[in-house]
Amino acid sequence: MMTENKSKVLLCTCGKQLGLDFGLLEDNVGKLKLASTIVVHDTLCQEQGLSVIAESLKENNGRVVIAACTNQKIQPKIDEFLRNRGLNPSQIQYVNIREHCAWVHEDVNEATQKALDMIRGTLARSALSSSYETARREVPAHVTVIGGGIAGIEAALSLHKFGYDVTIFEISDDLGGHVAKLPVVAPTGKPGREILSGRLKALENSSIQVLTNTRVKFIEGEMGNFTVHYSIESDEEQTLTTSAVVMATGFKEFKPTMMDEYRYGKSPDVITQFDLSQMILSGNLKRPSDGGDVKEVVMVQCVGSRSEDYKRDCSKLCCTFAIDNSLEILKLVPDAKVRVVYMDIRVPFENEMIYKESREKGVDYIRGRVSMVWEEDDGLHVKFYDSLLDQYFETTPDLLVLSTAILPSDSLEELSETLGYALESDGHIKELYGKLRRTETRRRGVVAVGAVTHPQFVFESITDAQAGALIIHNELQGGKIERVARGAVLNVDDCVGCSLCAQQCPRGVPLMIEQTEAEDEEQKILFKASIETLNCHSCGVCQSLCPTGATQLCFLSNEQLWEQIKATLEGAGPDYPITLCFYCEECSVSTMDIAGTRHMTYPASTRFIPVPCAGRISIIDILKALENGASTVMIAACEKDRCHIGGTGNEIAQVQVNVAREILNAIGWKGERVDMFRMFSAEPERFVYAIKIMTKRAKELGPTPVHQGTAGKWVEVSE
Amino acid sequence: MNQAQEREIAPKRKRMLDMIMVLGGLKEESAVPLSKVKEELQHLRSELEPIMGEILEFPEMFFAEFIETAERLSLIDEVNDQGVLNKAISDLKQSLDVSSSPSLEHLLEHLTNALGRFEEKMDETEVTTTVDFSTTISEIPEIIARIDEGVSKYEIDAKAEAEAAREELERLVNELQEILTEHESQPKPPLDLLDSFQKLGTKTRYGPFLRIAAQIKRGVREGRISEGRSVELVSKNALIELYRGLIMHTLNKMGSKTTVQLAETLDVDPSLIQSAIVSMLKRGEIEMVGLDGDAPLFSRVLGKTPSTTLSVKAIIQQLRVIRSSVEGEALATLDECIKKLGGIFGRLQILGEYDENPLSEPVNQLREIVNSLIEATMTLKSTDDAEDLRLLVSAGLEAFARFRLKITLEKGPYLVSDVNAYGEQLDPERYAQIMDSYLENEIERSTLLILIRELGAMTAEDLAERTGFPQDRVFRHLLRMKRDELLTIAGERHGYILYDVPRTPNEAEVILQTVTSIAPQIANARKELESSLKDIKAEDIGRLANALEVFSNARDKMSKISVKGVSIAEQVLKNIKDKIHSAVVLAYRTRAKLPSTRSKVTIEDLVDVDVPTVLDEYRDQMGYAPLLGFGTINWDHSKCLGCKSCEISCPEDAILLKPIIKVSNFFELTGEALEKLPKNKSLFYQTVQNLAAKKPIEDIVLENDIPGFGTIEVDLWLCVACRTCVRRCPGVDEGALELELKWSLPEVVRHLTTESQ
Amino acid sequence: MVEVNDTLSGPVLIIGAGVAGMTAAIELADSDIKTILVEKKQTIGGNALELYKAFPTDDCFYCFEGSRFRPGIRKCFYRSAMLDNPNIDLRTNTRVDEITGNPGNFKVKLTTGPMYVDPKRCIMCGLCLKRSGAFSLISPQCQPQAVFYDPSLAEESVKEIEKECPTKAINLNAQSTEEQVEVSDIILATGYTEMRPVNMDEYGYGKYPNVITQLELARMLDPNGESAGALIRPSDGAPVKRVMMVQCVGSRDENYNLYCSKICCVFALKHANIIVNERNGIKTTVVYMDIRTYDRHERYYREARESGVRFVRGRVHLVRPNPDGSLDIIVYDSLLDRYLSYNIDLFVLSTALEPSEEDETLQRTLGLNTSSGFVAPLDLANDSVVAGDHVYVCGAAMGPAEVPESVTQARAVVSKILQGRQ
């Protein structure tokens, strides 16, 4: 259905420096059906240019195509300028004729033809575009914090200060978690209780609701509308509606009962660091076996961590913890003999001075491993190997203290099924993005603070909690969410309830809601999806998988993309084989822009179509491109599990590409015509290398069955 | 993320399928290929040839020597049980029909004339008995007096024992009181109270108390029993069990007691004792053994009631029978004896367990006399055609005697009081009805008993034929009498169980029985061996092996027989021993090597299980048709969206969306099917068809899952046909899946056989 | 607990536009709070700009905070539009001279170097770049996306270029300017500087050209760098065959820095992995006392061992140059208790990470605590990011810190400021 919505085209010569034939371009674009008027301007991104854009928004109810440099740089400036003037920039489409055309192709005609084709495609896309506004959503200003350790308390206090009412669920019967049990907290030197006291007092005289020994069973719903099912002291189940969830369940100390070489659990004198800190805290440092006083202590580092079978990584805290405890022991028993058997002592920044101080106070550090632990009538025997002196030593310590690994707390696994956050291979909660978004999880509105993501020092957990509070505040905006409604919109009647979108969405936004309460055996179990556009990250994965087209991105519907493919590939034939490249507007566009900025060159027989994420490309789009005459189709996507938007958009695109290749091979085409490449903006050569391969294949593989006219003739062939 | 690992079949289902496999002979033993079978048989024949002669001969030698020794030591005369004689004769007849054997004929001859002598003796006794009828009766009182004196000696010992146990019991009771009073004053936590109870409880060694104490402790420890609940449990339930333990202790130590006496000794109010007694009765731990005045006496249920008590009981019944055919002065003494014996019996029951030896000698003597009296009364009136009538009459008498005794002992005291032990009201005509049916049953039972005692071990079938009662009622009577220890099982014939009166056959009878029972088996086996040895065929290897085994068992039995210490054909049996064993082993080994000759079911001729008919049969028998959990899910690719909702919703993990794309199906989609498909799905198929330059044949197989594509695979052996996937499938119209109520057994078996290879 | 309760809504001054400073600026801007972002260099990004691949995620360092203005998890520097963000007043090439006034109402004197090219106007059309060497692009990812003019290379053609520039962005005789601004809060995000171990003569840094620091190595490995990613010897440009790295140069050392610089082990092993895996297997040896790859960074240590990096626990005894430009290094191996000698082309020092030089003056003027030169929080037990009344600190200014830590601390600072203004 070809609509007649025309759009205004603005061409920018970038200060007359662009190597394109603007004269030819202007009249060819003029001939296009969908172009209403054309304006050529030198500096659209400067003051006058912006007012020209503002003017042109008035006609064709806001449909404008701007052919200039990369939209990544100018779009924010234009949006800001138009929004200040109360105009809606949502229907402006951009074509990059600088970094993607002029700067990378020597031959001016080819570059101009490429620019023309891309403008024609964008006009077709703009013809079907629909505008979208900022939307508002009222949600209860309430946040649930799961876990009452230092991180949970700090997050609750910060959120309370932001004006939210908060409920804390704590599984044991008092707050404070592990910090409460620490005799001394590095590097402050103060006991854990003291650090907590200020916060606990603040907690009392605030309206934060604290529910102790409650267990959270499961949580349903999405940001703004979570229902938490919990039970207090294992009687019946209660529910609580909340808008956001803070996971602060902390960590669990590994009890090495299975490692029988240390005889933990078998002989009472073998204890863990936390047991030792309890003894120090209570003041009676006595041998658990017979209450004798402690003269000699042996500490063993890395028990369970940095080992293949329990925890592969380092637990970071145990070295500092061991050194603090050894100093405390020396305070209680000045002439005690403390030995620490270690592989690497890892004490960050200022704790190094404490390590130095402990060495001066006579704590003996042995680089080696414990070889045997056994009991005899005169007490515990420990034999260890010192790698520096290359000798075995044997002592009979009063205490053998194991610095055991820090493992994730227990209930994470089962809660992840319903709340939807992903888990790391070692069981901790997987961060949304390891470098910049360490406290956020895969689900919007669910934040993981403190040791639940990875082992953290006390003051690190405090900063983590405050950061988590800010992120929740940014999301909920005090309960009145206001955001540009740029995302997937679901048309409920088309939805058949196949749950593909809910299964595959990288951020777990769609929820499946059971419609009919099936009483008898015969009735159909009908589900319907529900997508909250404000929670959506607009990657388009659900749109590419939806069999009925019920869910569409508001700024790029299926028809828009198909029309754009059709218009871009108009006149594509065997003599000038075209490579159509879908590129994601995250890592791929930046790799292409950097390649442009560095004036790297590659063949011009390529046409580019931008999509929000590679996951948006469905197998139909690939086949449509080939149907409209493309010789090869290429998808440029982010690196493996580096997908900006949420994680699996590029993997789903890879699957679609694999299936497309297999189907093409089966129906008489060449599978190599379709391929996918991973971009990484620090290495622009990747894009140039990919383009060279695909254009070479376009030439070598020759005309496609579509060009030869044999496509669709499978009926006669098979008789 | 496909399910790489193979899912385990549910264990119950696996066992069921294994059974099917074995029954169908589908599980192959390690069989020798067909060509080698002939060779195996030849090898077996060559092995057996030399030793076969001796094996066939040795039974005959044994019988010959047996007959010779039997005559020498006049074994046959010692047999005085007619039943054994009859059985032996019928066995010998049977074996002689099969194969002739001179020594067996000789033995048969002996037995028949022994039987003849037996009948005459019966007649003489009949004539002679009338004379000493009254004299024998007169001997009875003297014996009864001796028994009476023995019993009263027992009672004295029991009393002395009771006294000794009394103060030990007192100490237990005081201790308990102490605990309870102290608990009243300042209550201890439940577990400590329980410990103190336990100190007492272990002395009484009463099982239920110890069990409940342990359960409460574990419950509290594991947090299942809350604080409040445990207090109540200890103070009420545990205490009752403790009292029961004390009751048992008293009954053990101090003999049977009435409720009132128990209440005194344990100084607890009688109502608590009464409820304890009722539950212990229900549990079958104690029983009512008699009356003390009109109050029932209870004693511990004896593991095995002493045989002398039983025989006294039997004697009383027999005396009742004799009483009817005696008059005048003898009758008076008889009545006197019956009354005295009844008293003795009551006291014996109250005593419960006691040392039988001193008492058994006079009791046996009494039994002989009474038996001879019974015989006398029988022959007195016996005429040929009245034989059955006689039986019926004596059976009736016997039934009546036993019936009256039962009533007086068990139901008596309750009949008097309006409420019986279980608190029910026994209305008169209901009671009358019980009495009639009871009487009738008793008569039938006694007839059967007499027949068996007279004619030897009989099966339900023979008895029904003789007495004309319906076989199932006969069967029920036999069972009842067996439970009442009136009958025992004495082997089986043609698949029916032989019932026999508990005879204590003497040594001679035992020997005769074993020898005559061996004879027919040996005869049949011999015939079998001779016929199959000529040319051994694969099918009859099984029968050959069995026959050889019969011979070897017979040899073992024969070697155990010795007449009055003289063993028979010992040397012959010894040197045949290893020969026969090697023959048996050889036969079995070849049998195992041959492919099972049973006609094997092949997978082809297995047929699909038609579930509806099975359901109907089930419904007729059981009245309801449960969901049998069998069915096949059919998948229609043209309606499938590849959305995996079925796999997610299936409770049994039986349905899987495999990453295999059947591309050829894309081209079978007609216009109409395409219309019905959702928009994008049909557009996809159309685009593929537009692009296709040739029609693909084979499928595309990928490793990991593809959202939106795939082929459905259902594990028949896991699917329980619950239709959840059918109802959940969002496919076109009613969905891509539908459940068909048939279950392809061949496919399941093929899977299992391939899996086991 | 320092109770920050005045409702002043003045702008916030952020000193240093590294990862921490930028994150703080973006988060404040998203919450509609005016910020002044001061950066002494020409472009923002701080150390991150030169580090090519970032740990722990092994993707490019140019990636940084997306904002409500630019939705998405992260965006590259070049398109972060810091310049166009209405709430951020970006001042590059600017220094903080003097801070007076009292908390909540500071008066700050800023001097900005001569802005020969106005970043708001320059559209990078490439005219000046083509015509004269004086104009150059610091890095394709630089933000603000503007050309850099180096007056020292000026030729006469520069005058016409100034006239022809389509947007009149060039002003050749620009002067440095001074300005006094009033701010309510100050955030210190000055980051760290890598110590140049010039005066540690046992390593010969500065004397022998083939002795470089980890940052210089990172620069060399960066495809966008001068050597476009190839490992060459600084002395003669020959390709490198054997590399040796030494840990804890200048840290954990009485006469230089007592503390442990925490992250130099991690990025040393990251570079070792890149060299061995992606630069066709150049032999690499690492001399260390303790390998301190915390938490999940243990992965780098595992990968290094698996891909054939050799580890020697010991100390460097002697560095001797050879005429052909290679270096002979004598190392004492404490496990074998013997001396080993290696002949290598490139000798990389993992030097200590020290506070940047302005920290010392800032601490004095604002009266902040210091911990071995870095800015210390007022009371670590209560708040790890509050350095004083209305003064906050985040990122490597508090001590060597990974990128995720700096970002989290920046967010914590913004959260404290917002809580103060709620």
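Quick notes on this structure:
The first chain written gets the first letter, and so on, giving A, B and C; residue counts start at 1 in each chain.
Following the convention adopted for this analysis, a contact is a pair of C-beta atoms (placed from the backbone, for glycine too) under 8 Å apart; a residue touches a chain by one contact, two chains touch by 3 or more.
Owing to the predicted nature of the structure, the values given are computational and were not obtained by experimental measurement.
If you draw each protein chain as a dot and join the dots that touch, you get a simple line with two loose ends. Centrality by C-alpha centroid: the chain sitting nearest the overall protein C-alpha mean is A.
Between the Cα centres of subunit A and subunit B there is a gap of 69 Å. Measuring from the averaged C-alpha position of subunit B to that of subunit C gives a distance of 89 Å.
Annotation: 25 Å between the Cα-based centres of subunit A and subunit C.
On the side of subunit A, the complex with subunit B involves touching residues 494, 496-500, 503-504, 518, 521-527, 545-549, 558, 618-620, 623-624, 626-627, 652, 655, 658-659, 662-664, 666-669, 705-706, 710-714, 717-718.
Taken together, the subunit A residues at the contact with subunit C in this complex read 14-18, 42-43, 45-46, 69-70, 72-73, 76-77, 80, 103, 158, 161-163, 185, 187-188, 190, 194-195, 198, 202, 306, 312-316, 344-353, 356, 387-388, 390, 432-439, 454-455, 459-460, 462-464, 466-467, 469-471, 473-474, 483-484, 486, 537-538, 586, 590, 593-594, 597-598, 639, 642, 644-646, 680-685.
For subunit B in complex with subunit A, the residues that touch the partner chain are 641, 643-645, 648-649, 661, 663, 667, 677-681, 683-684, 687-696, 698, 700, 702, 704, 706-709, 723-724, 727-728, 730, 734-735.
Residue ranges on subunit C touching subunit A, taken from their complex, read 1, 23, 27, 30-31, 52-54, 56-57, 59-66, 68-76, 78-79, 81, 84-86, 121, 123-127, 137, 140-141, 145, 165-167, 222-224, 252, 258-262, 290-299, 302, 334-335, 337, 371-372, 380-385, 399-400, 403-405, 407-409, 411-412, 414-416, 418-419, 422.
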